[in-house]
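Order of writing sets the chain letters: A, B and C. Residues in each chain are counted from 1.
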Amino acid sequence: MTDNSSLDKKLELLKNFTACDVADALLRLNHPLGGYLPNIVMFSPEYQSGDTKLVGPVYTVKIVPKSDTTSPKLATSYADTIPSGNVVFLSAPPDSINAVWGGLMNTRAKILGAKGVVVDGRIRDLEELRSDGIPVFARATSVLSAKEFTRPTALNVPIILNGNHDPPIKINPDDIIFADLDGIVCIPKDLLEQVLDSCEKHVAMDKNLKNALYEGITLTEAKSIHRKE
Amino acid sequence: MTDNSSLDKKLELLKNFTACDVADALLRLNHPLGGYLPNIVMFSPEYQSGDTKLVGPVYTVKIVPKSDTTSPKLATSYADTIPSGNVVFLSAPPDSINAVWGGLMNTRAKILGAKGVVVDGRIRDLEELRSDGIPVFARATSVLSAKEFTRPTALNVPIILNGNHDPPIKINPDDIIFADLDGIVCIPKDLLEQVLDSCEKHVAMDKNLKNALYEGITLTEAKSIHRKE
Amino acid sequence: MTDNSSLDKKLELLKNFTACDVADALLRLNHPLGGYLPNIVMFSPEYQSGDTKLVGPVYTVKIVPKSDTTSPKLATSYADTIPSGNVVFLSAPPDSINAVWGGLMNTRAKILGAKGVVVDGRIRDLEELRSDGIPVFARATSVLSAKEFTRPTALNVPIILNGNHDPPIKINPDDIIFADLDGIVCIPKDLLEQVLDSCEKHVAMDKNLKNALYEGITLTEAKSIHRKE
């Protein structure tokens, strides 16, 4: 079995869990902040609702203000470069008022086999994004295209999440994105196997714990019975 | 009739009104800010939508950062201590990034007869909360559990709402919570009877006022006819 | 044909496009920020969802804190002054915690033929607003009426949008509001004809461009073919 199909299999298994389960596992593995990328929420297929899960390797796009003339320029539209099976992650400049993702790019991404999109910034053409069907997460919407305001500068490079987080929150190429209605988690690829194992063990415990609650046991008792390790 | 069944009866009558009606009544009674607890919104059963009303006596849980080692510790899970018929109010530390309420606690609260939950902070397991059915209000979601970040320190104590409100907004044990899609109001128990009377009088006036609008009268005239006291 | 029916015809044609299309056209015409009014979103008929479009000439209402005793006072309720076919735009004081728009005013506005409402501030009675059916956009909800907090001071005057925008964002009487689920654009009346022409030309290009994407062409190629001018 190739490395990729083995990765796909793991990601498929991971979909049995939630972003909360994955963050719990990463915290147990001492990964900072459980990989949480705060304050980016599901906008498509619907606003923070439903059982949509977006799981896949990240493909990052670093975006700078147009006023930045020193950062490198890209030769082609970054939407044409998205590898199939990936989750596009766009890092907009802090507090940018324009969208860095919209209908045309989304359709191109979908055609290229992107699994979905996470935007640390704003999106537009929400109606089109929703009709395309691939999940899209963002901070907010806008009506402004990037054209006059921002431009891409680098593909698949390490990214620092917007917001004054201490320590800074990093997204690295090859990381795995897990996003659902509660929020977004970024999993280092090296930890994927351990995250899966930890989720399998602990989510089973918590299912038993929840059943115990329905039998009328206290949460304190239920935890002492079902969460001993 | 016991005091409790008399309270239940009043709360049931109060459900004929809205959070806006209740805030109007409290302002007429010179209660500061009409008891409004700003910027906490309905997340379950749906996001700021539908006719859900959460009405009941508050049961507060004060939560501190885990780094706070001086505040008292609780012996058992606070979810086990929730009195039936109450509205749980969780006060998270300001700007905390983790959830202080999630699926297991919610299920336990529901089993214990809690009417619903208000979180001055973040929640997680939104899908589970929505399937449990009791209303849940919060500032935002998160994927992080409290475990590594925050801990409860006191039950049913007075709470100061997060945000730099001047004067501070207080929630006291025994206050009544009234929450719907517009927002949340905190009613001092001593004012409940007067709030009910005031709502009954003024909402009837405003129903007549609205009917007058449909008959083509101006809002200025309609107010002069239907809001004289 | 009167001027008004000619305007109505143009506004009807404009509804073939989106707020994003209109902002794109305004940017091509060098209008600052493409007329975008950031961070005010659709609350009614639903939260940032569906194909609702609110398009019409603006009718502004400037609101000041009640503590401001020097600004002029209005003799009648401003809800009685709304011209038929207009979009009411309410400018609340920055960071005001109370709603400046609610159920009674909305019903009166609807009866007077208002097309919808945009609030640079908070709204209340969301359930009533949604049942009235005319679109309503705002920053947030509240349970507090304006009564004790704010008051209107001037009708159909120029407005500066809240938020520290540099340069300031202005809304002038006679401007045209275009609002949908992505956000709100303010079109100077003098530019309406050019905006329409520009939308017609460019949206047709982008439809061809999107079709080209579905034929498997790259976004880079598709742009070079379908966006040459």
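Following the convention adopted for this analysis, a contact is a pair of C-beta atoms (placed from the backbone, for glycine too) under 8 Å apart; a residue touches a chain by one contact, two chains touch by 3 or more.
By chain, UniProt protein names: A, B, C = Ribonuclease E inhibitor RraA/Dimethylmenaquinone methyltransferase.
All values reported here derive from a predicted model rather than from experimental measurement.
Peer 1: Which angle of rotation, from 0 to 180°, maps the CA atoms of chain A onto the equivalent atoms of chain C, to the nearest 5?
Peer 2: Fitting chain A to chain C on C-alpha atoms yields 120 degrees.
Peer 1: So chain A and chain B: same face meeting same face, with over half the numbers shared, or different?
Peer 2: Because under half of the interface numbers appear in both copies, chain B and chain A meet with different residues.
Peer 1: Averaged over CA atoms, how far is the centre of chain A from the centre of chain B? Could you give it in whole Å?
Peer 2: About 32 Å, centre to centre.
Peer 1: Identify all positions of chain A at which a residue touches two or more other chains, and write them in rising order.
Peer 2: 47 - these are the residues of chain A that touch more than one other chain.
Peer 1: What part of chain A is in contact with chain B in the complex they form?
Peer 2: By the definition above, chain A touches chain B via 18-20, 22-24, 27, 33-34, 36, 38-39, 41, 47-49, 51, 180-185, 206, 209-210, 213-214, 216, 218-220, 223.
Peer 1: Spell out the part of chain A that touches chain C in their complex, as residue ranges.
Peer 2: Listed in rising order, the residues of chain A that touch chain C are 43, 46-47, 76-77, 79-80, 97, 102-105, 107-108, 111, 124-127, 140-145, 147-148.
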